[in-house]
């Protein structure tokens, strides 16, 4: 089957598109979510492999619940819920909405069935279309308010599209049968180009979202930040480089690790990234295309922040801050960065040569693999920007309440839907999370040391 | 649909029935397991609600694995496994067989699918029929050996039929939708007859299996045991009686509880049996027929040993020993006890009047509800009978290695398949287990105290 | 210093001794407890090495609390507690008395100080003497009641004398300095005599306490029990024999272990008894006399029931039941068994030759090491004897509420105070407990297999 | 006794003081540590109330170990350790040094005794004096290197002086006797002055240590940071204000809390700061002077970051960043801030009037209670300053490896030794830590909202 993801239309990127364009965008994203579930059986869609992950069925229902709870309940004249119990069953973390089904028990929701969840989606889609059609004739302010909520719902669903893929990858990896999400033999990437250090001046700059389109509240307000001169690597750390770190005893030297990371390594007795398997001299990697021989030229992925940080220390470098990352991305000719890259290599990170894009020709080194391959750990704790404001009501819980003990990741991954990434996008996870497509781009303060 | 369970044919009860009879019995039991899964969707069959319980799909596959591993692998001339990974995936606890899929992760086995597991069952059934047909012409000793193994496999599958029902009950109970396994409004039982104390002389007696048919190794050898005179209640403790215990503060008085039980009550903050729900003045009970108003005349079920013991102490009585239970059951005119009762009240324990059976008429009080309603906790630790021998090889792990920190339950429950129960049958669970149909029959040493 | 323990005077063994004799006995036992603390600093006396163990200071105070709470509070005309907070601080597990200081935090009781606890002891001893002196002129029934309580308090304190030693051994073993409780180089035991199987007929017998002296409630009532013919080993399993079990891979073969034991071994990654330490070819054992070279002729000690059971299975034998043990001990010429053996080898189990006692001469094999070396695990779950009655009030919590998921040990150990052991004595611990002096005496059903 | 803490001499604050001055400083700090232990018994000094806290004895030994391991071992010509086992026993977290005694078991170190630890201290002090005397005649560079290490050791010991007090407070609070570290009835603070918002312009500024004296590596390098205009409260949040937060349901409203904080509150069922106890209408607070009636005018202390953050949100404000705190402190006339305040109110935070200091007169509002009362939570994650460098070898583990999932606290507390605080000092703890003297100073972005 064809899972090639179409980029969301240009009009959508406008702040308040026409209701017709918004409706088209809504339907496109909603259909894509269903398409992602197509390679899976109903059984696959019900299981939950760990508390952090959710069943595919739950993603399908929760994204629908979001539209029903935050939009239809407010705008439908004679609102009646599709099913009264769904308000609790598919509430993720909104205390302002009320009770929640326990997160660790989402895999026990064999009822409602996938068929019922599909019916739920169809029902809400129908009502949303009706609502949007009616609203097209309303006042501008009311239209804008509705458009903002719908756009948030669409972006929210795109976030769950990525989680759906990473969660199902984690689930399939638990099986001794190592089943593929999609059957495909991954081609070997060509040899990776040599990595370069690219220098950036920094200074008193600004970061945070600017422009007309949508952004999440945590990307605002745009604000000044002083950044000292720094260097970034032109590309992501590769599997081959990471193998060298392992071979050099990286997982056995306390001095390379943060204290909490060292405890984590020893308690879990780790010696490789998630999804790697050693068998004799070979290393295999479990992918959404099933288990594949590890490709040294592709970027290393599924690293915790602990591992990313230890690798950087071993390499005589460090992780970038999120400001450094955003500044560099803004200054460099990153192809279509703001609009988001359609991922070119499918559902697995591609080698640097493959990700170079149209503008990568010429001698001038540039930043490769900023988007569409691996999220890139930064050393920045996830925190509110100065002057950050949360929304009123339950939607205020969307981002703000998670700003503690998590770290920011920048860029986007092969699992990020097209059109979803942004220069100012702030993804965030706890330091030990490994089931996302998370990799490393190195930074350093000065150019005086050879890498 | 009709889930009325047909008793296994008489011939089956013979030690070594004819191969034809054994084949018929095999097929009957195998079909019944599939019938139990019929009311459930594939999604229902994959989920695991707790480590102690297993998914229905796993039960379907593991019982098949048992025949494939312990019989086909030994007797088939050119044995080839249906799927090489199944040896690990569906091994429950046999270290002698090798690796096992982790017990707590049985709910993550979305592959193989239910369709594949059904195919696995059909394949093994076909090969078993072939094997049994061929063996019918073999030597008597070889036939007897094979018949013994097949009979064990059949009995093993019947044990899993009961677990399948109690496990699925636990799963469905986790859902806010409280779905029924079968849709039915349970009729109210008539008023329970008054309970009587029945006196038994005890003395130097014998317990343990005797006779021609099948029994598990833990029922052997039959051996002498001295039992002091005792009394048993004529029937099980009812929901109504247990409500009185709760109303009297039973869950709040440390003096009624074993030390470990009191810790258990406080840590889990318990105040009622599993599956009970208070709403205003009403108490509801979740059953395989969905949630029902609690019926005071039916036996209380889903009690831990802690609760059973505390109730007995509150009632001025105690739990019986397994020897007392077996002696009483053997001496009293229990209707068809040895052959096993077809359960008359469906998949929920019935009131004492309903369970009286054909021979219960007349003035003479007798033991009611010994079989077919609730397993009855005894005070006997699960231990080897004097002279107990385990089988050679992996099958020796069937019972013996669990003889520690578990307690014996006697009788059978509404979920026990017809023909499976026996006077000498020893069921066993840890003291805190509540998801089986487990109830209380009181005992006491002397008749001098009113109950 | 001299810690040789004087046996409690003969008169004490009578059911209700004279008040003068009882007072002498009381004082003797109380002084001995203090003597046991003498080799220790106040710092040593305050620490708690695990939840199961208690600080020495806590033992000193709790045993005093027992007399104050259960005797002085009832009998003193103008009872006023020594310190109002002690009722809570030094309550072990009596819910009937009220609140308790959390068990796991006994090591945090730096206040009261050891000096205050010593003053507490002196104060209660003075008041007890006064009370006993006054009571000597009272009515016989009242005297008997008081004597019973005082005797229970004395026996209770003796139990804590043993725990004090095993708890302090566990504490000292945590230190990298491996300090000795008493400085002494243990002499090598001579070669152990060959073990013999001794045959016992069993039959319809009686077990449980009989006679005039004191016993705990759990030894009553004496009752009939049918015991099949059996054999017991003439002596305890030695360190040398246990080394052979280890060398044969005993800790690595699942088939030797109960299921729960196998989980326990793997989770804790065990490969030897508690307190053993391998260094090159040598094995050392931490003792109350500091670390010593392991003596192959001494009995193996500090085994869990899991290990005892696995060893027995490996040796082609089994553990005895408590009835077998008691019958054998009663029938054999065990020297002074009922009165209790003064321990001859100090605070470590001695080899079989040393423990033979006066009556061991001649060719006739006899039961050696029944008392005074290691408690002997039985396969008997700790349960109420038929007709068991608990005392009224909080003292009813003494034994009865622990009759679940624990196993009976018989005999006594080198740490048991003289005069405390009895034929019918029932010690009990959970299957995983290893910090007591717990060893193995093998049993078997039939003599047909060579051991 | 008199625990008034003498400020470290002025000379000490110089970068490389004379060896004589350094020796005097060394001895003064070493003596002070012993003085802090004086009110405690040896028993008090051995106990460990939780893994995060250490016994007083361990603090006494570990600070000594620091000098022995990092200085004497390097500089003594014929170095021989005081006791070979101490290298392991008193290593806190330096993997570069080797093995460590398990942190959770520091309370089990009844050996070495307090007497031995005192002897250890005396021995090392003597050797250090000898070394410093000898070094006074050496080369300047060598002297400077040694002086740097000794100064670090002295500062390290001062950090442990504070921990010693907070750890012993936690220990004493576990006792039902609620013993005082020092006996004293705390006087009621007068009514707190009204809090004011003080405005700061921010801009492109610098933070981090500058000057001649000592600082920790984590205060370096001084670097530019852009800070938007902000306001700080003139004083710490008081107990009275926090009582209003509780009365308003602060602990029961999810919307006030970070997600992780809300989980924490519910799991631990919290409703007040650590050490508070409600009894009828009264609230008591456990202090180093025993339990005292809560004083509404004193600053609230022993808050987690979760609580500090929730309070700020409830008050319509937020926590300051560490840059804001440092800028404000640098710009305001804070009395003797850089030199450190001798704490004026003893070992408990004092009210704002008491803490105003000499320069607080006049109408002009100023920042009160910046030092010497409570550490002040900031919203800044503990991270490396741009260009941060760790030392070579094991000392490089001092600070850097903890820069993850901890938050910065600024200022100092009543338990901080005199002369230890600095404008640029960065204390850090995980968000849930409550046993330090941790309070709240509010900040806000704009002055447009009344507080």
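We call the chains A, B, C and D, going by the order they appear; numbering starts again at 1 in every chain.
Just so we're on the same page, contacts are C-beta pairs under 8 Å (C-beta built on N, C-alpha and C of every residue); 3 or more make two chains touch, one makes a residue touch a chain.
Nothing here was measured: the structure is a model prediction, and the numbers come from that model.
Counting the residue numbers used at the interface between chain A and chain D, over half appear in both copies, so the two copies meet with largely the same residues. Put simply, the chain farthest from chain A by mean CA position is C. Inter-chain spacing, taken between the CA centroids of chain A and chain D, is 39 Å.
Each chain gets a centre from the mean of its Cα atoms; for chain A and chain B, those two points are 48 Å apart.
Computed centre separation for the pair chain B/chain D is 61 angstrom, with centres defined by C-alpha atoms. Shared interface positions of chain A, defined as residues touching 2 or more other chains, are absent. The residues of chain C lying in touch with chain B in their complex are 93, 95-96, 204, 223-226, 228, 254-255, 257-262, 305, 309, 379-381, 383-384, 386-387, 396-397, 401-405, 431, 445. Across the complex, chain D meets chain C through its residues 41-49, 85, 88-89, 101, 105, 107-114, 171-172, 174-177, 179.
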